[in-house]
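Chain IDs A, B, C, D and E follow the sequence of writing; residue 1 opens each chain.
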Amino acid sequence: MTDFLDPLPWLIMLPLAWGTLAFVLGPGRGGRLAVAAIALQGALALQLAGQLIDSGARVYAVGGWGAPLGIDLMADGLAAVMLLLTQAVALPLAVYARGYFAASPKGRELFWPFTGFLLAALNALFLSADLFNIYVTLELLGLAAVGLVAIAGGRQPVTAAMRYLFATLLGSGAWLLGVALIYGTYGSVSLAVLTPLIHAGAPLAVTLAAALMLAGLLLKTALFPFHFWLPPAHGGAPAPVSALLSALVIKATFYLALRLWLELFAPLTTVAAAQLLGVLGAAAILWGSVLALTQSRLKMLVAYSTVAQVGYLFLLFPLATLVPPGTADSALAGGVMQAVAHGLAKAAMFAATGSMIVATGRDDISRLGGVGARLPLTLFSFGLAGVTLMGLPPSGGFSAKWLLLGSALESGQWWWVVVMIVGGLLTAAYVFKVLRRAFLPRAAGDRVARVPRTLEFSAFALALASILLGLFGAPLLELLAVGREA
Amino acid sequence: MSDPWLPALVVLSSLLPGLIIFFLAESRIRLRTTLNLTGALVKLGFIGVMLWGVQNGREYVFRHTVLPGLDLVLHADALALLFVSLSAVLWLFTTLYAIGYLEGAPNRSRFFGFFSLCVTATVGVAMAGNLFTFFLFYELLTLATYPLVVHRGTDKALRAGHVYLAYTLAGGALLLIGTVWLYGLAGQVDFVHGGSLSALPPEAAGQLQLIFLLLIAGLGVKAALVPLHGWLPMAMVAPAPVSALLHAVAVVKAGAFGIVRVVYEVYGIEFAQSLALLLPLAIAASITIIWGSLRALFQDDLKKRLAYSTVSQVSYIVLGVALFGPLGTMGGLVHLVHQGIMKITLFFCAGNYAETLGIHKVSEMDGVGRRMPWTTLAFSLGALGMIGVPPLAGFVSKWYLGVGALEAGMPWVLAVLAASSLLNAAYFLPILHRAWFKPASGSWPDEKIPQRGRWETAPLLLIPPLATAAATLATGLFAGAAFSPLSWAELIAVREYLAWIP
Amino acid sequence: MDTLTVLCLAAPLLAAALLWLPASRPLGLRLAPWAALPALLLALAAPIPYEVDLPWLLLGTRLGLDETGRVFLLFTALIWLAAGWFARAWLADDARRHIFAGFFLLTQAGNLGVCLVLDAAGFYGFFALMSLAAYGLIVHDRSPPARRAGRVYLVLALAGEMLILSGLLLVADATHMPAAVACLILGFGVKTGLPLLHVSLPLAYAATPIPGAAVLAGAMINAGLLGWLRFLPLGEAALPGAGSALMLAGLLAIFYGVAVGLTQRQPGALLAYSSISQMGYFSVALGAGLLAPELWPLLLPVVVLYALHHALAKGALFLGVGVAERCGASRRVMLGLALPALALAGAPLTSGMLVKGGLKAGLADLPAPWAELLAALLPLAALGTALLMVRLLWLVGRAAPAQRTSASVVGLLAPWLVLLLALAGLAWMMAPQSLITKALSLGAQLDAAWPPLAAAALCAIALRLRWRAPMLPPGDVLVPLLRGLAYLRRRAPALPQWRIALPSGSRAAARPPQLESQLRAWGTAGALWLALLAAVIALLAGTG
Amino acid sequence: MSAALLYALAGAALFAIGLAGLLLQPHLLRKILAFNILGSGVFLILVGLGQRDGTIDPVPQAMVLTGIVVAIAATALALALARQLLDLTGQMRLPEDRPDAEPADD
Amino acid sequence: MKAWLTALIALLCSGLALALGAAMLALPEFAVRLPGQVAANLDASGVAHPVTAVLLNFRGYDTLLEVAVLLLALLGVFALSRHASDHAHPAAPAHPVLQTLARLLAPLMVLVAGYLLWIGAYAPGGAFQAGAVLAAAGVLLRLAGLLPAWAQPGRLLRGGLALGLLVFLAVAVAGLPQGELLHYPPALASPLILLVEAGLTLSIGLTLAGLYLASAGWRQ
């Protein structure tokens, strides 16, 4: 009976099931079901993490066939961290979404099924050890995300969804071509089988495959200059959707890029290619931050902030490629910590943003006066999330920055230090652009309504988590190291 | 004997009230006041216990591992307690003052919330046991003070807040780089007497000098070293209690205190000397001292004049740190306390003038000594103390700085001290002259609080400055007594130089 | 004894504190004149040497008296007592008399403390208290000349304070001795009116109410001298450079003071120049001590005695000027005034003659060319002093008749008489026997007699020929100096603002840059994607 | 060269054509068609390369079947979106590809 | 679009095609071969056709997710149609001949679908093909004006759409106590796969039809 309660398959099955049921049952009961189920998923993810810490990485053969004939799932520390992040972000957001859609019902009907499928896709993606299976999860993820963007309808969201759809399809098309080339070269799509086969001097097809898959993932992760689809998509969707997309969806493709780079294609990687990724990351940090600063709409500002924060993730590549193992470990830890911290903080920020928009009835930074007085908790959450994004202690963002800075200095790549520091200052500039407005008294003629408590507290929970991550990040790094020692 | 929880409790004793206050309704004045004062008194109690303990050789260390190789350490050593006691005592007074000052003003819950956070950060800065912990609270301080600076919400305040943030966050960034670099080079750098870096191989000297520059530049922003001081005079748009706190204990002090920690307990004074770092630091401090005073000379706005005075005065601390020898150390450390007491007095008084009579400018102060003798008395004590007139607190600092300069073989510092004192006199004495000796011009700019019997202004506004003015007198007059700031500074200096004093 | 010592300092401070509160003000005013009484008692009764340590006070204070200190405390207390008594009558109908009394008491506490204290920090502390509080005495009138005098006084006093502080710090370390000596000479020189540092004296003496001026000229100026005596390495180290400079400055002061003093129209200003001139003698003596340390043991008692004599004479002169102003320059008043004038001029049988003789003898053993130079110049100086005194008497004597005041004449006369008596007797009582015998010799008497006589003769001629002295403004060199400063201040560039210009968040363009909308176009993004693909292929292929 | 490899080569060409079309064609319907061509190219490569040694390989065939269904799903959603866009804006183009070239503020 | 950009894209695409071609001509021997393994395990798979075996057993997990993708696409269309149409449009009246033909063909198509479902275990065919035929029947009926558009599907219809996925999930989870997810005991493999396929056929048919029917009512 213990097998029946194995958390690993349930993490995928459960959201698929409740997503489907939520479609059948409708939003009211579906929402309640979703909250309960996500809570259960959180418990499962924790259980899985515990298993991993106790007994190391796990491989799970679906259907009992085993690779290369069947499909393997694989759970190591990295996957477990991402799973934890996913459930940790999803639970408060689910609570938030129930309150949000009660106040602003546009798009409420199908939110839960989409979210269920989205979470299933994420969990499946993090656990998959099969290139083709990953393709399917990518498509499931992409279509769920596009559906969520379009959920509220209207010219702007539909345009954004259209653009997003093309971007994600092109990305997964490139991925699939890569998979085809790999299968055509080696005859398998199992990561476990392929990893020992690929070595420096692999055939051209493998190089092409690596480049295609990587490029496809960059497109889906919205790394500069492929961020074009992200701000409208994340800025136009309802707040819980934006939060899910910014916090989790782009992390999934980043996770894949990391996996490919560090494991499957590690023998092919070069310093030059890593530097290229780093340069794009740096450009993303600067460009995204500057554009965030120029926005007049609150959600667009937060969306551009995501563009910038994605850049930090990619600094990990030059810092972890062909450097001493200790430096690489610290860079990896920093990158993953950044992914987690940004996930929590950005979810909090979008949630807080949504509350402010609900309260003021408009999405305009210059009309935020009075928010500080009426929604102090929400503004506080926004501020805390901002602290994480700025990388100020004691937040998860700081821990990430600390680790990345440390490895940059250790490996003598001081230019990334400059980028990170400047990025942090620019982040502060746009975060305070919002905060200072919100501190002002309410302008005559504006209204600031109260919002449901659940909105305020769920955003606060996320923001608090992003801060606490900085104080209690050590266990997370311990988990991350599982399956990585060898 | 180690008790880990007291330092944490000291931090929590203002953090928790602060967080609760945030969510209190504006109208719950009594509960808010109770929370504020309870927090301040409880904190004082804890500190009292630790003072007694440290005197008797106890250790209070709280340690929590954040990441591998990155510990959050709160360590209440003698140096920390010097600053913590100052902060806690002045916090109590400032809270009282602020309650009086903000009576009837809007957004008080927010104000007192951030106010408490600000003190939390200051206490954390004081007790930080390593550079990381220091950095953590240093940045928290930045964030907690920003809302206080822009509290009034005017364009001027927002602009000042903007500049303040730009400076302090950039400074924080430099500090971060330096810290990370140092950790990469030397591993976890705890604050220990005599520093720990001298054990590094000699090849690292160049890097260490560069790191020192980064750290000092980062800390120098808050300590308002010229030319990093631009934010400070602008930040004086904040309400008077905030300015008082900012200038006396919180922000500038945190920077100065950080420099103290870096020089003494990261690098170690001897090692810093051997790396030839102290002379440039002394020069930077001297330039700041003179420049700040010169600028103060030309300000008509009272608070702005005081702000430039702070620029100048805080660098006395830095100067003391840069003087190699226990006497200079004592001078710097004791000025940490003395400057706080004196400057908070001056800002309280400036606030009283503004709040009672609407006086914001020096040129409006003619004859104010007749109308508000007690406030002006307190102001005079603070100002004379700043000039270094004995037996007030500032004299003691200057004396030890002077002796320390000779001990360190930098007699030119005496000239700096003398020049600065003259400049201090040049911008403070005319104020006193106006206040005491000139006849009042007839009507005050905006008399808000009328004379009520013996009270020239609201009692809550008057008691804090009088108390701190009395402290200015007492710390100077009884500098030689036990438990005076000077004797505590001596205790620290003796421990710092244990290896050095034969 | 310890209680009395503490009371010396506490009494004026306590009385000052009583003046602060309106309720206790009358009591304070009543006590104010007598605040120096404990000090006088201490000076008379204290065993010598006497010390008491107060480690908790300031930086560890040590109070006490040695022989020098006792003499200084004696005349200082005496003058303060007399001046306080005098002030009560002088300011009887001044509405701000409690303010005057307050500053008077604070200054007094400082001055008495200076005499009593034996450690450097404490000395500096009391000295500063005295110097700063005296500002309140100088500006008491609130008249423009008074304010100007106060400003000049304060600037110089503060500069002096700083020099003193530096000197006190430096003197502890033998390696910095020259610098320390320079700082100390100049720092205390502000008080003692060394040339160029003297400019505040005439302004201040003229502006301050008479009792204030009396203590300024009688007591406080000697505090500067005491500073020299306490901290210069007199008799310990030979510092020929500093000694020569100080002697030269002293000689210059002696003659310069006389010369400018003769041009003055105000008795106060004239007396200030007289003080400048008289303090020149001390400079000469101390310079000699620095130049030739072996002479110092002989010189010290003479210098102390000279200080006593000069202080009491100046105090008596000022009070006398005040009495003449209020009660009219009657013959009896003029006679009273003549006593200190003669004493200053060193007329026979006065204390002046006693101390000048001693000084001359003490300086006679100086190496060449100093001994010769002094032998030639000192008689001339004595003549100058005598001329100055004659001029003073003439100025006072032809002044307008007395203003009638309600103040009791006794209140003014009694303290003056006390001082006159002290002047007449005290120096003789305290002088060592050898000095007295020498002074009573006929040669000495003749030596002392001719300058006053010559001066009187000269004056008679001058009056007859109606010589008119040119008039120099009090403060002489100050006037061009201030003009120069004012010019510089007009021309000085404004200090630059060192602040980094920041773009404000709101000012940053509200619309996204053009580049961003181009990046957002499918075609551009696609081309970039293809380019990235090509780049990654190329870079990854590098491994093969 | 086996026949299967020939399929794969054709697939490469189709992929490139589809890719160019997806990027260059402004009309949404054409973009969707181009995407399908791109997808078909990949499917050909998958099957073709998988069988380049002449053995029949059911695994890529099954994969392609899955891929086709996914492509259908994506195409359906894309068509729905495109039609919705037509309803909302009157044009089947993305804003930046429209002749009237309004600023791409969405 | 600017001409140089067009040229650049064309150039890069051609370059990619050439590179792909070059890479394909230089492939080494396969390191792993799966056809043999498929054949070896075919008996245990519960079906006789290797592609179906891969599709529903060896890589059944892919198929499970793929069904979810399909449902997701329909959800997307529903999401859009909620905003596009205020009410379900009645079917437009069609030509009687078309209607008659549709009435005749529809049952026949259902029959064909059933056959395709059953034959899938042995030969090309299976749930997708069957579902596609079913969907075609639905489209035909709609075109003949015999079916309304599905702007707001009722609960029954939603249940039908979800049925295939739910059955698949149930079967997948049912394997957990015995071993792994989607583990079919060899004895039960055949009926279980048939059960899954039957559910899928219905749902896929409905879904594919729904992709058409859901947007059929949008205003033009």
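Basically, a residue touches a chain if its C-beta (ideal position, glycine included) is under 8 Å from a C-beta of that chain, and two chains touch if they have at least 3 such contacts.
Model, not experiment: these values are computed from the prediction.
With steps allowed only between chains in touch, the distance from subunit B over to subunit E comes to 2.
Traced through touching neighbours, the fewest hops from subunit B to subunit D number 2.
Seen from the C-alpha centroid of subunit B, the farthest chain centroid is that of E. At the centre of the protein atoms shown, by the Cα-centroid criterion, sits B.
Taking each chain's centre as the mean of its CA atoms, E is the chain most distant from subunit C. Separation between the centroids of subunit A and subunit C, computed from CA atoms only, is 78 Å. Separating the CA-averaged centres of subunit B and subunit C is a span of 37 Å.
Subunit C and subunit E have Cα centroids lying 107 Å from one another.
Distance between chain centres (mean CA atoms), subunit C to subunit D: 99 Å. Contacts with at least two other chains are made by residues 8, 15, 19, 22-24, 45, 49, 52, 59, 63, 66, 70, 73-74, 77, 81, 84, 94, 97 of subunit D. Annotation for subunit C: residues touching 2 or more other chains are 505, 520-523, 526-527, 530, 533, 537. Among the residues of subunit B, those in touch with two or more other chains are 162, 166. Checking each pair of chains for touch leaves A-B, A-C, A-D, A-E, B-C, C-D, C-E, D-E. Interface residues of subunit C, counted against subunit B in their complex, comprise 20, 54-61, 121, 124-126, 128-129, 132, 139, 142, 147, 150, 154, 158-159, 161-163, 165-166, 169-170, 172-173, 176, 179, 494-495, 497-500, 502, 504-505. Against subunit C, the residues of subunit E that register as touching in their complex are 1-2, 5-6, 8-9, 12-13, 15-16, 19. Interface residues of subunit D, counted against subunit E in their complex, comprise 1, 5, 8-9, 12-13, 15-17, 19-20, 23-24, 26, 45, 49, 52-53, 55-59, 61-63, 65-66, 69-70, 72-74, 76-77, 79-81, 83-84, 87, 97. The touching residues of subunit C, when paired with subunit E in their complex, are 523-524, 526-527, 530-531, 533-534, 537. Put simply, subunit A touches subunit D in their complex at residues 132, 135-136, 139, 142-143, 146-147, 150, 153-156, 158-163, 165-166, 169-170, 173, 176-177, 179-181, 183-185, 187, 232, 236.
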